[in-house]
Structures are given as C-alpha cells and as structure tokens.
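Mind having a look at this structure? Questions to follow.
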Amino acid sequence: MGTDTTSTAAETEATGDRVTPKGAAETPESTDRMAVLERLTSRRARYGTGGIAAFVIGWFLVSLTQPSYVLPTPAAVATTFIEEASSGGLLVAIGQSVLHWIPGTIVGTALGVACGVVAGWNPTIDEVTSPVVRLLRPVPPLALIGFAIAWFGINHAGAAFIIAIGAFWINFYAAYGGVEGVSEDLVDVGRSLGVDGDRELLQHVVIPAASPEILTGIRTGIGRCWMLVVAAEIFGVPGIGRRILRASNNLQVDVVIAYILVLSLLFLIVDTAFRATQRRLLVWRGETR
Amino acid sequence: MGTDTTSTAAETEATGDRVTPKGAAETPESTDRMAVLERLTSRRARYGTGGIAAFVIGWFLVSLTQPSYVLPTPAAVATTFIEEASSGGLLVAIGQSVLHWIPGTIVGTALGVACGVVAGWNPTIDEVTSPVVRLLRPVPPLALIGFAIAWFGINHAGAAFIIAIGAFWINFYAAYGGVEGVSEDLVDVGRSLGVDGDRELLQHVVIPAASPEILTGIRTGIGRCWMLVVAAEIFGVPGIGRRILRASNNLQVDVVIAYILVLSLLFLIVDTAFRATQRRLLVWRGETR
Amino acid sequence: LGGSGGGLDEVTVAHMPIYPDLQWYVMEGEGFLADVDAEIVGQEFTDGPAIIQALGGGDIDVAMFGIVPSIIAIDRGLPVKVTAANIHEMLGIMADEEFQSLWEEHGAEAFAVWEEQTGSPFEFGTFPQGSTPDVFLRHWLSDGLGLDPDSDVTITEINGASAVWQAIANGEVDGTSIMEPVPTIASEEGADVSLFKTAAEIMPGQPGAVVTMSDTVRESDLAGQFLSAHVRATEFIQENPDETAGHVEEGIGMPEDRARTALESPLSNFITDPREIESGTEVFARFAEANGQTDEQRTIDEIFDYSVYEGL
Amino acid sequence: MTGPDPGEGSAASADDGSAAFPEKSLTADAASVSGDPRVEARGLSKRYDTPNGTVRALEDVSFEVADGEFVCVIGPSGSGKTTLFRLIAGLEEPSEGAVYLGGDRVTDPGPDMGVVFQEYHLFPWRTVAGNVRFGLEHTDASDAERRDRVQRMIDLVGLTGFEDSYPTELSGGMKQRVAIARALAVDPDLLLLDEPFGAVDAQTKEMLQRELLDIWSETGKTALFITHDVAEAVTLADRVLVLGSDPGHLQDVIRIDLDRPRDRGDPEFGEYISLLRHRIGADGDR
Amino acid sequence: MTGPDPGEGSAASADDGSAAFPEKSLTADAASVSGDPRVEARGLSKRYDTPNGTVRALEDVSFEVADGEFVCVIGPSGSGKTTLFRLIAGLEEPSEGAVYLGGDRVTDPGPDMGVVFQEYHLFPWRTVAGNVRFGLEHTDASDAERRDRVQRMIDLVGLTGFEDSYPTELSGGMKQRVAIARALAVDPDLLLLDEPFGAVDAQTKEMLQRELLDIWSETGKTALFITHDVAEAVTLADRVLVLGSDPGHLQDVIRIDLDRPRDRGDPEFGEYISLLRHRIGADGDR
C-alpha cells in the first residue's frame, strides 16, 4: 500500500507472490461502512498532501540558495508549466512523443514477452541464447542510436526502436521468470487433460499461469519507456524529450523541470490506468493490491 | 536457470519466492556422479558457446552489409579491443570509472535500502512520502546532472551522485517491497519473544526476513549502476563512459562497441561475484537458484 | 578545488574533446602552460551547458567552449568574459551533391526547385535550436538568402556529431551545418553530402569556440600568461600540422591521419584574436535573444574583454 | 458421521477370518487380477540421473488393476509412490518396462487418465466451473454438452453454488473436490490420485474419503490412490500395494476384505491397520 | 502408538459418571478456577473497523485458567478463536475488558507468554538452534546458559541432531516442534498455541499431541490451546472453552474428566466428542 511500487526490480515482489488473503470482515455492519472508508481515504489524502506540501516548501527553500539555472523556484516552474500548457506547446509535445512511445512500447513489449516465454519454456533455446542475452543486456539504449538511424531513419520509427529496446528487456526477463516459475505440475495437469504440444500448453496453461509476472513486466516496461522518451528523441524526433534536451542545452532549468513534471504526471496516469486493468485481469488472485 | 535473470523488475520473480525444493537425489550412487555433472555442464557450455558463435557470425554477416561507421566487423572491434587493452588505456578507464561507481553504488544502495525499509515499515511515513516518491521516481538521472555539478562539483563525487540516484530507487523499491511483504505474524513472534521497539524489530526480524528481496535489489542496482557510468561521465569525469562518449563524437563505432563490451564483461564479473555472495547469504532458502 | 578564491595557485580549465578546442590539447601536449604561474588543471566536459553549470558552481576559472553558451553564461550574470577565440569560420554548410548542381543553376531558388523535384522540402539536420551550427544555418537562410528557415526548408534537431554523421551517411538528411571532423569524414567515406559553403563565404567572423575567463582570472597576471600560451599554440597548429595531428589523436581521440586531413580543411581557421569574431558574435547575440536563450540581447561590451589579448 | 458408534455393518465381512491373514501375500495372484486388467504395469523401473548420481526411484514393479477396482499404493517417503504415479499417468517415461491402460501402452498423458495431485493444482485463473470445463474444451463436445457435464460434475462433488468462485476463495477441501471433478469431467478410464487428502484437516479428510467412495461407486471408475496414511488405505482400498524403499520396489500386496462403508472402530479394521503398519515398517514422522 | 488397542488406563476415570454430563456447564464455576488464576480474561471484547463496517470479533468473554492447567479453546471458523489468542498474547488491545497474567494486566507481547502459530513462523534465516535461541538473546543470560538451554529445549522436542538444519530442510511436524521449543525456551508463564497442529498429517498430529502432553506435564506450564479439531481438544484439555459466532462469545465450558493418557477407543472419549460436537453445532467443512 501507500508508496506505489513501480518500475523496478523491487516492486515485482511487492505486487508479487506473497498474497495471503485474510478473509476479513465477514460480518460487516454496513451502517458505518461509508464513514470508515472515508476516514481511511481522507487520512491517506491528508498525509499525502502534507508530504507534497513539505516537498514543495523544501524545494522552495533550497531554490532560494541556488541560482535559477541550477534550481528555479517552484513558482517559476509552475509559471512555465502554465505557459507551456496554455500555449499548446505542451500538448503538441505530448502528442509527438506518444507517436513513438506507443508503437515502441507495444512492439518491444510483444517481442520481449514472446522471447521471454520461449526462452523460459524451452531449455535448449534458453541454453543457447543465455550467454548472448547476458552480453547484450547491459548495452545502453543510447548506444544504439546509430543503428536506429541506420535502420529506421530519423523518424518516429527510429525513436520507437530505442524505446522498444527498453521495453524488450524488461518484458523478456519478466516473462522468462514468470514462465520458469510456472509449476511443472500445473503443466502436467494440463497435459493429462488433453492439452497437447508446446503451442497449446503455452496458450492454455503456461501463459495464463505466468500472467501476473508478465503483467507486472508490462507495467514496469510502460514506465521505463516513458523515461526513455528523452533518449529516443536525442536525434531528430520531436516531443517531450526534445523539449527537455533543448531547454537543457539553453540552461532553461525551469522548462526542464516543467517537462519532467509532465513526464511524471503522464507516467502516473498511464500507470494508474494500467494498474486498474491489471487488477481486473487478476481478480482471481483474490487480493486487490 | 540458464539465461541469467538480472537487472529488471522481471528477475526478482525469477530469483524470487516460488522456491519449491524437490529434495532430489537422496540415494545417489556416487560412482557416476562426476560423469553426470560433467555431462550437464558441458552441455550448457557447448550450447552457450554455440549461441555466442552464432551471434558473432550473425554480427559478421550484418556488418558486411553495413558501412563500418554503422556496424564494424567483429574482427575490427576485437582488434580495437586488444589495442586498448594492451595500451593500458582500458585498464586506466576501468580504474577511473570504479572510483565513482563504487562510492555511488554503496551510498545509493545504503540510502535506498534504509529509506525503503523505513517507508515499508512505518505506514505514516509511507503515506506522507508516497505521492512525492511517485513524482520523483520517473525523473531520469540524466536530468540531475545540473544538480550534481552544482552540489558536488565536477569530480568523482558528482558522478557518484548520478550513480547513487540510480541505485537509490531500485534499492528503495526492493527494500520497500521486501519489508512490506514480511509476515506480520513473524513480527508478532519476535515481539512475543522479547524484541521490543522499531529498531530492534527491524534489526532482528524485519530486515533478515526481507533480506532475499533486499539482496536482489542490491544485485539489480549494481547492474544498473554500471549502465549509468555513461550518464555519470557526461561531465568532466573520466572513465569508460567518457571513452564511449568521446569515441562516439569522433564517429569511432569500433571503439564504442569495444568499450560497451568492456561494460558488459565487467557487469558479468561483478554480477557473478555478487550472485555467489547472495547465494551464500541465502543458504537458508534451501535452493541454489 | 578550483582557484576561484583569492590565491589562485590553481586554475581549472574546462574544455571539450572537440576539434575547436584544439589549442588546449596543443598547450597541454607541448607544455606551453608551464609558463603560467599557477597549476593548470584540465577538466573535460561533453557539453557546454554542463560547463555553464560548473562555472556557476565556482569550479571553473577558464572555459574553452562555444560562443552561445558563453553568451548565456554572461546573461545569467556569471562574472565571466570572453578574452580570446580559438577558431573562426569553422562551420560549413554541407549539402547533397545534386542540390549543389541545382544551386549552380538556380542559386537560392534551388531550395524551391528541390522541393518541387523531390516532393519534400530540403532537410537540414543539425544541432538543437540555439546551438552554434543552428544559429549559423538560420542566419544564412534568413539573412543571407532571404528564406524562411521554418517553412522553406526543414531543420531537424540532432544531438551530437555522431548522430549527425549517421544521419548524413544513411541519407536521412539532405544537408547540415556542422564543423570538423564531419566534413572530412564525409569526403573520406564518399558520402553524397559534401562541403558546400564555408563560414568564410557566408558569415565572415563566424565565432566558434572561445576562451572565457572568470573575473578573478582576468584581473590577475594569469590571464595574460594563459593567452600567451594560447597564441603559441595557435601558431604551432598553423606551422606544425603533423605534430598537431598527433595531439588531436591523443586529446580528442580522432585517428591521426584523419586529423591531418581535417587540419587542411578550409574550416580549420585557428586564431586567438577575439576581435576577429566580433561581427559574428553580434549575430549570435541577436539570435540568442530571439530564441529566448538570453533575457536580453547582450552587447559586444558585455561579452568581450579585449584588454587581455591586447596587453600581450 | 462415522464417529465413534461401534459395531454396525462391519459384521458382514467377519467370515473372512480376520485372524487368518496370509502371512506373505506378495504372490502373482495378489498382484494380478482375474479377467482383463484395466491397468497393467509390467517390469516398471525408473532411474533419475542427477548431479549427485543416479537415483533408482523404482525397480521392476509389476501389477494389475481390475476394471472398477479401487487400489491404494502405500509406502514410506521416497519409496517411489509419486514416481509410480507419474509413470502410470504417462507424465514420465519408464527406464524399463511399460504401462498398459485397457491393453494400450501408455506413452503420453491424456484425458483417458484423470490425475489428482496433493497440492490440488487448480488453474488459479479459472473459476470452479472453468477448471472443471478445462479438459472438455479439448474435446469436440458441443457447448451445451460441456455446460451440462460441468454442472453434473460440480453437483457430484457437492460444490453447487460455487461455480463462479475462484480457487483462492475456496478451502483446501473444496479445492480438492474441484480437482476431482476436473479429473472426472473428461470421463477417464482411470482415476489416479497422489496423496490427494494429505493437506486437509482430519475431519475434512474423512468427509472427502466418504465422498470419493460415493463417487467411485456411482461412476464405476477404476481408481489408483496413493497415500501414506495407513488408515486411509484401509478405509478406501480393495487392494493395497505396499512399496518399499532403496530402491523403490513392490514389497507386498494386501487385499482388504471389508465391506463398505468401513468403520474405523471395527476390530478387523484395526487389525488391517496393524498388519499394514507392520508390513511398511513405518513408525511415524519422517 | 496409542493405536487401536482398546481398554487400558481409561477405566480409572469411570467413577466420574460418563452418562451424567452437566447439560449446561456454562456457569461461573466452570469458567473460573479455585485459587489464584494464572490467566484471567475479564469482559474481553474486540471490534475491528474495516472498510465494510465494524466486525464484532469477540464480545464480553470472561474466564480463568488455573496454574498448570491445560485449556483448549474450540469453536467454528470465525468465532474469534484467533482474536482471543491475540488478545491474550498482548498482540492486540481489547476494545473492552482486560487480560491478566499472574495478576498483572497484559498490555504488550513479551517473553512471559510463549506463542505458537499454525504456520510455525520460524525465522527461516536461522537454524533450528538459532530459532530456539532467538528469545534468549534478548535476556541477560550468559552464553553458556543460553547454549545449555537451547540444547535442552531441542532435546525436549526430540530434534537432537537437527540443531544446524534450516527450517526449509524440516518437515511440517519438525517445524512445529521447533516453534514449541522456541516458545518454551524463554520459560514463559503461559504457553499459547493457535491451531498448532492444523497443517500436519494425522499421524504426525497424534505424535505431536502426545509429545506436547509430555512436555506440558514435564515442565508444569499452563497451556491455552486453540483448535477446531474436537478430538484434539478431548485428547489434550483439562477444560474446553467453546466459542460461538456472530459475535464471537463464550458459549460453553466443558471439563474433560478423563485420565491421561487418553484413548480414542474409549467410549467415554467418544461421548465427550459427541457432546462437544453437539455444543459446537459443527458439521464438518466450512
């Protein structure tokens, strides 16, 4: 609860396996039900708002001691933000970034899940690819810009490629781990119930069983891809990342922070939406984390 | 097994909870023990080598169709690699990067684990910090270079700061998830056995119980920090990342790839070493994943 | 760290591993800096903005970087001024060879003809808006040719020489505004895009990298000593291209033979005298203001301090 | 409840001579059946290669199971019960020997065998009905037939009303009933159960045993039931195969000549338990 | 093995008049004890606020436990057994009422209470010896004393030789023995167990019950043992507290007047079981 566990190795655990439902509240008295609910959520909201307020105040205090090209005041950033929003520049940038973020995320996720499932399922393929995977894994997406330009050109496809690489690995490992963790006995049950062949087993048993891990991977990947928008727009392609790069070249730190805020907020929105989907898809886990 | 599950959300799962020991081999006949072991490992090695070979051949074939400034041949990269290694430049660069990689990783990891443990343990702190955390999480380390320079200067401390940020979040979420997942009953047992107060409970019950997740976080963080070496060396600080950046400015793709290889290999070494440590620390989990 | 304090036993010099900062590598490699009465510490950066931030942090005493970031630094109120230039007229416009033949026929109309023939406007790929090559390109298009940089052509922003080169090599752009080593490499690799116009033709006195010094340094003898070494380095570059190429390889990482070729390029105009870039700097100051990079248009007086060079 | 009311219905089997058990019942007669067997294991051996050497999990095991018979397999931990289960189910290949089901050699797992594991292994992402339907989806039954059969199976195991519950919402006993319904839904020739009631509490266990016997007699299925609980074997089986360890082998076959329903209070029942315990040489934990 | 050999030692308790159980035993007499009680619950109530409303888990429960007494708490699922356990252990605050241990009000958990949970909750990162030592590390005993006590506890629960094993290497029964040794190691005034044998198989359960009784009589500890297994309560308890649901309340207190060791074959044992079942109104699963 509380701090939303997103985007890193860590959180997979948090949303992960140790679900021990408590079967709480079997004899509720619905009279005060709403009251309690409200009390709980308002507490969260109050505390959270307090946290944000403290953060902004702290930022303000620090910004007083720093020149504006290191850390502008929250007010300056807010002004810039509002300017960008009302001039429409912000919306345009979002629209442009989305044009490669969406295809990049989709392609990278699909390929990553597919490869992860295959490597996690087939030990021979796994053994063959494993050293190559370990070698390629640490290659930073930035290093691939040359290939992106050469193979896809300076366009949304090239930017999508960079983003797809980021999504690929996260989903590869998530799917790999998920499939590897599927109980062999579950597969045996499937086989004994007439499911035959790799394709059918994957479809009817392995992938559904690994779906919690796969979905967490997808969610993490979506988050990381937003962060890769900056890297993906290093060449030619316009969008939020490009605005950040340009502003940063011109030392307009207020613009940089305003657009980073945009990234954060978009990330929050997309992540919240995906979490809702994920929860709906995983009702069978019997816990609403 | 096989593909080593490292560095992303995903792998936490793989090295994670679903440990179902099989209590295999209770009546071994040690006569052919070595033979079997050898057979298994040699198979792995053979397949893995095959995979690497296929990869290099594939690279070679692609490089024939590409100009050397997009993708040099494996031979060209190997030559460059050997040159750099024998000239000593490679070792120097490694030594320089290590100077900020180590302190950055250590500080970021320590702070990340500490904050994650506290937020995961104390619901009030969690509720207060949670929105701020969600807002700050997506800020790319690259965007923090300005602060790094302003606050730490152009030196290993500034570079270490960038690296520490990367390590911080991964460890924060890992520790957070780990602590949040610690069974309350285990804590109750500790309390009923005389462990009193937050500090003692954390020390004697919560942190040991969360140690698998914390260690996985540390391991993932170590990996990510290597990749951040490039970002951390964008300003002033010399090292592998700087070599990569400089070679890239001079359009020397072979040098870029050679140094990325160095990053990969170092990552492999460090990760293998840490995995061994992790396994030793977690013998009690009864499984050697 | 740096000697921004009173004593100044140590001077930190920010530089970038780029061709226009060649004097630094020569000064270092040839030991010219031994004559300065302070310990000189070099600090390598990859981009100008980082240098500004370091200047703001008081870590840097002397910065060898672009004119635009220098103007921005001055606009932000940092106590620095430009005391020398490293190079002038170092930028060139590169264009597709087909376009170059169109140009011979049509002159400035060539852009329109190109668009007619190919169906899309001529595409330049260069550093982000407000960067030195970008300003140079826009200046040429609007002030030189009377075109609208935003509608008559397409300007694609690309970060880094490497990405620009990849874009050229892969035919992703039709032209660029860029400095060495890209033109040299392009001609070595036989790319379709080649050097078409030099800054000398378009914008005499086009500024490139400059030497920017903090007030503390400028007010000490160290400034003059440093510039003397700079002058020596400039002369050395002009007189000893072979040895210079060695320094290029050592300092910047460019292979020696390629560096040797680049030194012959019409874009390799190493200088020290800051007045040689005065006229170009005015243009840049104007663009910086128009792009919102500076709050107001900075004047030559605010930017330059000629006294150090003139006192040599 | 079978509870503790003594003497009732157990008298019928008294003429078998409870004191006169054959001292050594491992004969060809006891391991084989008259008529065509439903299941036949011939010289089954299974060895596992592990990094620590070869494990001889099962060595030359042969037996037959008659059509409609209820056979229990019992033995200490590590005696190869699960291995035998997997070989018969076709989930693993024997190192030597073969398994025949209705005369055909078993090479693959399939819907002619209904398997039930100790840990239920329900498909957690499917509801109760979805789990029971799983096997039917891979047959060419019509939708209506499927729905009908699923409902019948759910009724059979007494889970009417829980069709749309997910496994996480069920108790252990209920989960195991779903597993049984799922195994029965495809109408297998043989029901194979590996310690199905090992993880539920004592009361639930007794109830499930009663229900299983009801289902068994109602459907007339052949059942091979693995357990390490001696009382369970005596409660359920027509015959009990006793496995021994190191390597796993068929040590004994004991026919339980008691009428059903059997009463644990019955002295004969107790004697069978003593006999089996003696044959296993088991003494509790580990 | 207590097994099924009938009549032996159960005769001694016959003079209690097995047919003459008090029909309603919930009186102040039955819930309280003569002399100073070791444990006293006075008017315990517990309500939980949940998003779905307030749950009245326990309502006005009062009883006493004498020094050295073995009391079982039984009741259907949701009757507040675990809630009672947590209140007595000091793991939660009662909404009303209070718990007294040896006359002192219980406010916090601590080593004066040894708790054992159903799921063992061993510290997985510690060996058997490390687990047993855990509580001792927070006392000022010397190293030698600790080592000595740890070894005695391990011997007491019959795990000699497993000192250096990790919990993952142990069977369920062995784990529960470690949990008991760990709880006993700090020499608590009261041993509190919440369905400790709910997850082990029937045979192991019987053995553990026997062992627990041995330990109890050897150490003279007071024990409060929660279970939902009627036979277990009758096997172990001096007195049985029966909880009822909706809201959780103390419904009945029944004294088990049988000498130990008790024999499940004994008709009186069976009658107690019937009585308890009747009082609970329980009928099996769910």
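As written, the chains take the letters A, B, C, D and E, and residue 1 is the first residue of each chain.
As a convention for this text, contacts are C-beta pairs under 8 Å (C-beta built on N, C-alpha and C of every residue); 3 or more make two chains touch, one makes a residue touch a chain.
Computed from a predicted model, the values in this text were never measured in an experiment.
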When each step joins two chains that touch, the fewest steps from subunit A to subunit C total 1
Which neighbours does subunit B have in common with subunit C?
A
Most contacts: which chain pair?
A-B
Using mean CA coordinates as chain centres, what's the gap between subunit B and subunit D in Å?
48
Subunit C and subunit E, separation of their C-alpha mean positions in angstrom
83
Give the residues of subunit C that touch two or more other chains, as numbers and ranges in rising order.
47, 49, 53, 56-57, 160, 162, 166, 169-170
Mind pulling the residue numbers of subunit D that touch at least two other chains?
none
Per-residue multi-chain contacts in subunit B, two or more chains
69-70, 146, 150, 183
Footprint of subunit A on subunit C - complex, ascending
47-49, 52-53, 56-57, 69, 72, 76-77, 125, 128-131, 156-160, 162-163, 166-167, 169-170, 172-173, 291-293
With touch defined as at the start, can you tell me which subunit B residues reach subunit E in the complex?
19, 21, 183, 185-186, 188-196, 200, 204-205, 208-209, 211, 283-287
In the complex with subunit C, residue positions of subunit B that touch it:
67, 69-70, 145-146, 149-151, 153-155, 234-236, 238, 242-243, 245-252, 255
Looking at the complex, which residues from subunit C come into contact with subunit B?
1, 14, 17-18, 43-47, 49-50, 53-54, 56-57, 59-60, 160-162, 165-166, 169-170, 181-182, 185, 189, 252-255
Note which residues of subunit A are touching subunit B in the complex, please.
1-18, 20, 43-44, 47-52, 54-55, 66, 69-71, 116, 119-120, 123-124, 126-140, 142-143, 146-147, 150, 169-178, 180-181, 183, 213, 216-217, 220, 223, 226-227, 230, 244, 248, 253, 256, 260-261, 263-264, 267-268
